[in-house]
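Have a look at these structures, which come just after this line.
One chain, subunit A, links the two complexes that follow: it is found with subunit B in the first and with subunit C in the second.
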Partner chain A sequence: MSYLPWYVGGVGIAAVMVAHWLSLRRMMAVSGRYTALVNRLRFGPPKDEGQDLSAEELIRAMREATEAAFGASAMDLPEPESSRPPVSIRSVDRDNVPQTPGTHLLFLGALVVGGLLSALLGGGLGVTSSLHGELFARVAQGSPLGKAALLLGGGVLVGAGTRMAGGCTSGHGLCGVSRSQKGSLLSTLGFFGAGVAASLLLGRLL
Partner chain B sequence: MKQKLGVVLVGLAFGVMLSRIGFSSWDEVHRMFTFADPRLVLTFGVAVVALTISWQVIARFSKPRWAPRPIHRGSLAGGVLFGAGWALCGACPSIALVQLGEGQLGALLTLAGIFLGNWLYSVVHERYFRWTMATCADT
Partner chain C sequence: MPRRPECPNTLSCEMYDLLKLAGTLAIWKTNYCTSDFERCERHKLSSSGRPVPRNLLPNGVLLRHLSKGERT
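Our next item is the complex of A and B:
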């Protein structure tokens, strides 16, 4: 099967990112989903889970806590001078629903099914215990141990690096760079530069 | 429910798309990083340009709250670790899962590595580094 030409593929990837924002009101950030799952495994469920307050209940609770801490006069605030209407909590939060570990797993699982669909539609599933590709086989010198070391060692670096940088190809490389975010530009420079350097070194094994 | 449907549809579309552009092929990624084939770099460039335009259109019609991504002490070092790992295993975090779906079962090792590395770094960070990361973890 042949790959999509660059101008079609680029627009397609961008369309998925925009759909992610429009449907979830969040920028796509895949490594963040791994981080959320790892945190859940390390620290267990958040302690306040189950207290699903509506906007009115939340405002009332905050008002009561403020009065308890600072006295009733603390709530006698002057009217804001700005003519801009205050942002409604409800309008912001309706679409931006917090995501549970189940939601993260759904997204990650959908990526697996997406790969399966693509393989089935594009000429059939080629099951292998390793990875496809003759360059990969040659770099690993045909050794199963070499392949395992590349995959596991590379995976550990990917996991640690994306958590350290606070993002990966989706969050930094695409969504961050397209918004000219300085942290994303620096991280992307770092991972692309290191990818080039490491690949050129690996290429010497070929 | 609406959220879950959105997550599944976007994830499916993303998985199919990544596979169709060849991002899930170790060989294609190697050719991208060695500049043997400009196709994937061009794909990336078109996506960035299309997204830049899209965000401007969206910002014109609504008031989106997009998390800022400032530079922090892990920005460059983390990126370098990630890039080196990507060149070795041929996968960024989404790709390990797409490869698995395509029948490339070796990606199970990559996936285990990503979880392990994420976990290890979080422990190291708490013990030795104390800077705030402004992560994608707000998802």
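Our next item is the complex of A and C:
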């Protein structure tokens, strides 16, 4: 199976991120959508009145609540320094596409379909319970059960780490780092560093 | 002067984006998001794995529709 040059992948990912922002006015975060779906299944639809407030209504209600919580003088504070260009609340209301379980499912389903299409076009479509690589084969020792346990364990660890860090590789590694968010820089250093270290360590030990 | 710690959920917090849009709401950021975010009710819910209502303020107040008379 042949691969495109690495930089094509980079440009493609950047294009997807920009298209996501332009179409939905939201940063792309895969685990956030997954979490929203799981929470919907666990806790059911939102019950609180006011969940359907538009951005403009929400900000209006927030201004009232701000005065109630901090006093009228709080409203006289100067505008915060921000690197973001000023955005009108109305434009957010108009442009911000509501996110529902349907849109989350559509996005996550498109990930699967996209991967499937990519495999079909690349000629590498096939069902497997394994990962390529000598190290994986050595650790699993050829046992199908061992391979399944490794994949399951890896998935659980990735999921737990994602929840602990408040985001996944796309959220922190792509969106957060590009916005110079300190937490995302640290998270990305953490998961890339740990991945490299674990890989080197296992390669030496096994 | 060292910068104060920022809430790790700023990337995913729906309200944080709104706070950035309206300068008059900056006091929430300075009191919660960029300082004592551990006491933020949104942060607490998110950390416990529960869904965070989009109308929940950091101090635990749930925003509701304003009545017609209250609308400006």
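Everything below uses one rule, namely that the second predicted complex is superposed on the first by the 149 of 206 C-alpha atoms of A that agree within 3 Å, B and C clash if a C-alpha of one lies under 4 Å from a C-alpha of the other, contacts with A are read in each partner's own complex, and residues count from 1 in each chain.
Definition applied: contacts are C-beta pairs under 8 Å (C-beta built on N, C-alpha and C of every residue); 3 or more make two chains touch, one makes a residue touch a chain.
On a predicted model such as this, the values are computed, not experimentally measured, just so you know.
Visitor: Name the contact category of A:F192: first (subunit B only), second (subunit C only), both, or neither.
Guide: Only subunit B; A:F192 stays clear of subunit C.
Visitor: Have a look at where A:G167 lands relative to subunit B and subunit C in the superposition and call it first, second, both or neither.
Guide: In the superposition, A:G167 touches subunit B and subunit C alike.
Visitor: After superposing on the shared chain, does subunit C or subunit B touch more subunit A residues?
Guide: With both complexes superposed on chain A, more residues of subunit A are touched by B.
Visitor: Looking at the overlay, does A:I59 come into contact with subunit B only (first), subunit C only (second), both, or neither?
Guide: A:I59 sits against subunit C, while subunit B stays out of touch.
Visitor: Which of the two partners, first being subunit B and second being subunit C, lies in contact with A:M17: first, second, both, or neither?
Guide: first
Visitor: Which holds for A:R40: it touches subunit B only (first), subunit C only (second), both, or neither?
Guide: In the superposition, A:R40 touches subunit C alone.
Visitor: Just checking: does A:L4 make contact with subunit B only, subunit C only, both, or neither of them? Give me first, second, both or neither.
Guide: In the superposition, A:L4 contacts subunit B only.
Visitor: Counting only touches as set out at the top, which of subunit B and subunit C does A:K182 meet: first, second, both, neither?
Guide: Touch partners of A:K182: subunit B and subunit C.
Visitor: Looking at subunit A, which of its residues have contacts with both subunit B and subunit C?
Guide: 27, 29, 32, 36, 39, 92, 163, 165-167, 171-172, 175-176, 181-184.
Visitor: Looking at the complex, which residues from subunit A come into contact with subunit B?
Guide: 3-7, 9-39, 41-42, 92, 97, 99, 103-104, 106-119, 122, 125-136, 139, 147-148, 150-179, 181-184, 186-200, 202-203
Visitor: So in the complex, which bits of subunit A are touching subunit C?
Guide: Going by the criterion above, the answer is residues 27, 29, 32, 36, 39-40, 43, 46, 48-51, 53, 55, 57-66, 69-70, 74-75, 77-80, 82, 84, 87, 89, 92, 163, 165-167, 171-172, 175-176, 181-184.
Visitor: Would you mind writing out the residues of subunit B in touch with subunit A in their complex?
Guide: On the subunit B side, the touching residues are 3-4, 6-22, 24-28, 30-31, 33-35, 38-40, 42-52, 54-55, 58, 64-72, 74-94, 96-107, 109-122, 124-125, 133-139.
Visitor: In their shared complex, at which residues does subunit C touch subunit A?
Guide: Against subunit A, subunit C makes touches at 6, 8-12, 18, 20-29, 31, 46, 49-51, 53-57, 59, 61-66, 70-72.
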